[in-house]
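Next come two complexes, and both contain subunit A; in the first it sits with subunit B, in the second with subunit C.
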Partner chain A sequence: MSTTWLPCGVYHQNYVQDHAWWQTKFIKAKMILLLIILFVIIPLVADSYVLSILNLVGYTILGAIGVQLLIGFCGQITLGHAAFIAVGAYTSTLLILEFPWPKILMDWGLAYPISILIAAIVSGAWSVLFGLPCARVKGFYLILTTMAAQFITVDFIITGYVSQIGGRGQAFSLPPGTIKVGPWIIDSDLKVYFMMLVLVIVCVIGVLNLIRSRVGRAWIAIRDNDISAEVMGINVVKYKLLAFYVAGSIGGVAGAFWISNLAAISPEHFPWFWSLWLVGVILIGGVGSIHGTIFGAVFMVVVMEMLQLAVIPLADTYPKLLMDFLFIKEAAFGLAICVFMIFEPNGLAYRWWQMKNYFNLWPFSY
Partner chain B sequence: MFGKNMCSKIFVVIFTVALVVGFSSMAGAAKINVGALNDMTGATSDVGKDYALGIAEAIHYVNDNGGVNGKQIKLYQFDYGYRIPEALTKYKLFKRLKSVAILGWGTGDTEALSPTITKDKIPYVSASYSAHLTDPKKTPYNLFFATDYSTNARAAITAWFDKKWPKHKDFGKRKPRFLTSYMFASPYCSAPIKAIKDQAEILGFEIGPDQSVSLFAIDTKSQVLAMKDFKPDLVWHGNTTMSVAATVRDAYALGLGADHIVNNWGFDENLPRLAGKASEGVMGVAVCAFYGEDVPMMDKVVEYAKKYNPGIPPEKRLIRTVQGWGDVLILWEALKRADKAGGLSGENILKTGFETMKNFDIGLGAAPVNFTATDHRVAGIVPIYEIKDGKFQIVEKVDLKSRWPKKWADEWLGW
Partner chain C sequence: MTVTTGIMVGGIYALVALGWVLIYKCSGVLNLAMGELTLIGAYVSLSFYSMGMPFLLALLLSLIVGLVLGILTERIFLDKLIGQPVLTVIMVTVGLSFFFKGTVEFIWGTDTRVFTPPVFSIEPIHIGPVIVGQAYLWSFVAAIILLIIFVCFFKYTRWGLAMQATADDEMAALSLGVSARFVYAAAWAIAFMAAGVGGTLLGNINGLNISVGYLGLLVLPAVVLGGLNSVPGAIVGGITIGVLQNLCGAYLDRYFPGGVKEVAPFAFMAVFLLFKPHGLWGWERIERV
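Coming up: the complex of A and B.
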C-alpha cells in the first residue's frame, strides 16, 4: 500500500497508481524543485570545495546503495564492499588506458561510459563469486567470507598482479584529459559533479524499481525469514546471488565513477575501512531504506565537514583542535552509530518519515 | 527539568565564549595561509606524528623570526589519517582558505593530487620524496628538501656494494643476491623499486622475488621464510619504521643471514629501540641529521620542541621532527624570496622562490638545496648510516651525480 498521504477524496484505483512515484502535484513540484536545486542552483553557487564534498557524498551514496541492498533489503551482511568498488575502478581504468578502442568511440567520448558498464558487469560477477558462500552460511560467517573479498581482491590480486599491468608500478596515472564523456573532458569538479548526479539518479531509480518488483519482494521475503521464503517457492540461493550481483555492479559503477575524480589510482584508495564506513552510513541513514542511504551519506560527509569548518575559527586559540579533528571525527562516527542504534534504530529515514507525517497531518496529527 | 535547562544554558554559555575567543583571535596582523596535511592516525602515523609536531614547531619559529618579510604564517594543519578521499577534500579546503602553499604528506595522495596542483599552481612541499615528483616538466609544483627515494635507494645499495660486499666470504666467487621487502599496495613503498632494481643490475646483483610486507605488520615470519629460499645477501626495506623493525627482528630470529638497507622513513631512532640487537649493522638513509645531533639549527629544533611540546621527552623525539623543519625552512625561504620579488602567487613562489635556490643551506645536516627549472632533485649526494651499538654512524656519502654523471643527467630524472 502506498505510504503517500493523498488529498481528501482522492483514491487509488489500481496498483499502477498505488505504486507511482510522484503521486500528487505537490510531490511533483517538490521533486522538480529538488532537481532544479541539484542541477542549476548548486552548480551556480558552489565553489570547488563544496563540489568536491558533494562528489564525495555521491561516491558514498553509490558505494552504500549496494551495501543497503544486501543488508537492508536482502539481509546478507557484507563487509567487503570496498573490494567490488576497487574491481570497478580498476576495470574502468584498465579499459581506458590499455584497451585498443576504435577511433570512432574515442572521438565520440564513448570509451569511458562503456568502461563504466563493463566495470559494473565485471564487479557484479566478482561479487557473486564471494556471495556463493551465502548459499550455505549466514550472519557472522557471511561477514567473514565477504571480508575475504577485500584481502583476496585488493591486497592479493590487484596489488600483486593487476597493478603491474603495463609496467606502471603500483599507481595507475590518469592524466587530465584521459576521461571523456561525449564531447566533455571530465577535468573539473563541476563536470564530475554532473556525472555523479546522473549516475546516482540512474542507480537510485534502478534499485527503487527493482525493490518494487517481484525480485525486490523476494529479497525482502528472504531478509524477513529465509525459510518461509523458501517454503513460499522463492529460489533463495538464486535471489541472494542476484542481490550480490546487483550490489557488486553498483559498487563497480561507484569505483568507475571515482576514477574521474582522481589523477592516479592505487590499491591504497580502497582500504577495508571503507567497507565498514559504508555499513556505518546505512546504519545511520536507516537500514532498509534507499532514502536512508542518501541521508546517511549526507550526514557522514557533510555534517562532519561542517563540524570541521566550525572548528577552524577556534584553531588560533585552540590549535590542537584542527590536528585532533580526525580523532573527533572518528569518535563522532562511533558515537553516532551507538546513539542511532539506541535512540533511532531505524535511522534518519524514519525521522524524515515522521517529519513528513507531522506536516502532512498538521494540524490534526492524531 | 531545572537541571536539564541549567545544563543547556551552561553549554550555550561555554560554546559562545569559545566561539567569541576563537573568532576574535582571527583579527590582527597580515597573515599568509599555509595548509598542512599530516598523518597522525593512519598507516604511516608511526613516523607521521613526529613530523607533524616538527611542522607546527617550525612554523612557530618562522613566525617568531619575522614571518615572511613581516607577514605571519597562519598554519591550517589537519590529520587525514592517510586516507586519499580525505586528502582530496582537504586540498580543496586549503584552496578555499586561499593557502599560498601546502605542506603535504603521503606519496599516494601527493601523486593523486599532482595534476590538480599543477593546474592550480599551488606549491606543494611534501614529505613524499618520490622521484616521480622531481621532473618539473610533469610535476612543476611538487617540491621537497630531501634527496628522493630512488636516489636514496640507489645510494644505499651502492654503499653496501662498496663497503660490505668486498668483505663477504663469497666476494669474487658469485654475484651478490638481493631482494626487496615492502608493501606492494603502497605507492610510497613501491616508488623506488624500479630504480633500486636498475641500480642492482648496474652493480651486477642477482635479483630475487619481492616480498610484500604490510605497513601495519607486526609478524613477518612467512615473508622471511620465503626470503630464505633465495638466500639473499642484502634486503631492501621500503616501509616505515614499525614494520621494518618487525621484519628485521624476524629475519634475525629465523637466521636469514642477510644484511639490510632501509629507506629513510624506516630508518630512525625507534628502529634500534624496536628491533634491539637485530638492528645491529642495519644500514639506511637519513636525509638530515638525527634529532639532537650537533649540527646548525638543531638548537632551535630542540628549543622549540621543548617550548611547544614540553610533555614529550627529548628521547622520544625523532629525526621526523627535523624533516618537518626541513620542509618548512625551504618553503619559508621560497616565500621570502617570492615576496621580495613581486608577490606570493604560486608561479612566483616557484620561479623566483624555489627555482632560484642554488646550494642553499638550511642547516639541520641536510644536503644544500638546489632547484632548477628543469630538475627538482635537490642533491646527488646521499649519506648512508649504519647502526652500531644502537647508535647511527656514517658509512659513506654516496655521490651518484659524480659517479654516474651521464645517467644522472639523462636517464634517472623522474623515476
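Coming up: the complex of A and C.
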C-alpha cells in the first residue's frame, strides 16, 4: 500500500521499500521544510495568542491520536478517553506535588519528565482495566463500558477521592516554577509550545511506526474483521488490550503535558464532552489516518476560535451571545459532526488525498 | 421506603427506555441523544405550564411538539444514514445530543427551574406501612398508564403492527406494503414523546436543570440490562436501575461519599456486561465471516 506517487520509472521491488519513511527526496525535503517552519519560523512570528491556540491544537492532537488508534486502527469505539487523560494529568500532578523527589533529580529538572513517563504507564494500565470487557463484548456494549470508565473515573474517583489528597479541596494548584524540564522552567506559551512540538512529534512517529509493524497489521486485521483475524492466528484479546494500553498511555502523556499549561487542575477540565470532542475530531479529520487526526484537530480548534471571533462584534447588540458562548460552541460542534457524517463521511484526510492526487497527476489526470 | 421510591423513579426510566428500544428495534439506530430528548420535552412543557396553562394541557402540547420534532429530526438527519456503519450513526446521534443540549442551554439557561405553582402537593401519602411523596406516586401512575398505552398501540393498532413487522424483518415488511420511512419517523416521534413525558415527570420531582439530561443517560444501563431489543426488558431494566440507584444512595453513600448514586448504574452495567453480554432478553446474534 504505497500512498505516494513515485517519479516515472521508479518501482518498488519489495515491501520494505513500500513502507519506507522517505520514499523520495522530495518528501524528505518537504518534511525538513515543515520542521523548519514549526521550530524556527512560527516561534519567531507568532504572538502569545497564536501560540496558545497552537498549544491547544497540540493537546487535542495528543489526545486524539489515542482515540484514532482505538477507533480508526483497532475498531474499538471509545467514548471515555478523557478519563485516561485525567488519570495522566492527576498522576503527574500528584507526583510533582507530593512525591519526595531526591535533591539531585530536582536540581537537574528531571522530576517532571519522569512524572510524564509514570503518568503514561499508570493511565495505560487504567485504560487496560476498562478495556477488559472488550474480551467479551464489542460494538455498542463496548461504547457503554468506556462511558462507564468516564463516569467512574472522573466523576467519582477523581472528584470524590483523589481531589481530597493533601486536603486541597477541589482543585490542585500548581505554583509557578514547579514544572521544570532540564534547566528550563516551563512558564511561557513559547516554552509550552516547544514541549508540545517534541511530544507530538515523538507520539506521531511512534504510532506511525507501530502501525507499519506486526502489531499494527494485527490491529487493522481486528478492525476489519475480528473473527477472521482470530482464525488467522492473531491473539485478538491480547492485541485489543495492547491497543487500549497504547492509547491510554498517549492519553496520559497528553494529560501530563497539559498541566504545564494550567495554573490549577480540577475534574472540570476532563468532562465527558471532551471525550466526545476527541471522537468528533477524528471523525472530521478522517477515521483511520494519522494525518487526519492532525487535520481534524487543527480544523476544530481553529473553527471554534473563528466562531468566537465572529461572535465578539455581535456582542454589543446581543450580549447574550457572548455570555452563553459555551452553549453556542456545543451546538455548533454537534451540528458540525452531523454535517460531516452526512456529507463528508470520509473526513478531511480523504479531501487532502484527492487534492494531492489532482496536483500529482496534473495536467493529465489519467 | 427506599425500594418503593426506586420503583416509582424506575417507572419513569422504563418509559424513556421504551422509547430508546423502539428506535433501536425499528431502525437499528443506537441513540445516545436520549437524555437530550428528555430535556427538550421537559423544558417545552415547563414553558407552556409557566404560561399559565393547566398541567395536562401543557403536557399534551409538549407531546405534540415532541411529535413534530421527532419527525423533523428523523427526516433531516437520520434518513440519509440508512445503511451506514454503526459508528457513523452513533456519532450523528452524539452530534444531535450536543446540538440539542447547546440549544436548550442557550434558550432556557442552566439555572434550576421548578414548576410553579407545584403540580403535585408536597403532602406525602401513606399506602399501608410505606410513605410516598405525591410527585413520585403520580409520576409512577402516569408512567404506567403511558407504558400500557404504548404497549397496546404496538399490539393492536395497524401502525403498531407495521412497526413490529419492520422491526422483525424489514424486507418482508416492505414487500407487504409497509412504508419503512413512515415507520422510522413514527419511531422517532414516539421516542421523543415518551422522553418528553419522562423528562416532565422527573422535572416535577427534583426541579428541572441540565442534569435531567444526565438522568436520561441512565436509560442506557437500563436497556443494556434488559437486552437491547426487548420491550419487557426495557421495563424491567428501568425499574431495576431505579431501585438499584436508590438502594446505593441509601446504603453505600455512607461508605463511599461523593455521588455513588450517579455512578452505580454504570459500574453495575460494566460488570453485568462481563457476565451476560446480551442482557436478560436480548437476541444473541450468531456471527459468520
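Note that the second predicted complex is superposed on the first by the 344 of 366 C-alpha atoms of A that agree within 3 Å, B and C clash if a C-alpha of one lies under 4 Å from a C-alpha of the other, contacts with A are read in each partner's own complex, and residues count from 1 in each chain.
FYI, contacts are C-beta pairs under 8 Å (C-beta built on N, C-alpha and C of every residue); 3 or more make two chains touch, one makes a residue touch a chain.
What you see is a predicted model, and the numbers here were worked out from it, not measured in a lab.
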Touching partner for A:E330 - first (subunit B), second (subunit C), both, neither: both
First (subunit B), second (subunit C), both or neither touched by A:T145: second
Partner chain(s) touched by A:V154 [first = subunit B, second = subunit C, both, neither]: first
Subunit B versus subunit C as contact partner of A:Y49, first or second or both or neither: first
Partner chain(s) touched by A:P133 [first = subunit B, second = subunit C, both, neither]: second
Subunit B/subunit C common contact set on subunit A: 155, 159-160, 273, 324, 326-327, 330
Interface residues, subunit A side, partner subunit B - complex: 47-49, 52-53, 56, 59, 154-155, 158-160, 163, 169-171, 173, 175-176, 189, 261-269, 271, 273, 305, 308, 312-319, 322-327, 330
Subunit A-facing residues of subunit C, complex: 30, 77, 80-81, 84, 86-88, 90-92, 94-103, 105-106, 109, 220-221, 224, 228, 256-260, 262-263, 266-267, 269-270, 273-274, 277, 287, 289
Touching residues (chain side subunit B, partner subunit A) in the complex: 18-19, 21-23, 25-26, 38, 40-41, 52, 56, 74, 76-86, 88-89, 92-93, 95-97, 108, 111-116, 119, 184-187, 190-191, 193-194, 212
Touching residues (chain side subunit A, partner subunit C) in the complex: 71, 77, 79, 130, 132-133, 136-137, 139-141, 143-145, 147-149, 151-152, 155-156, 159-161, 225, 227-228, 231, 273, 276, 279-280, 283, 287, 324, 326-338, 341-342, 345
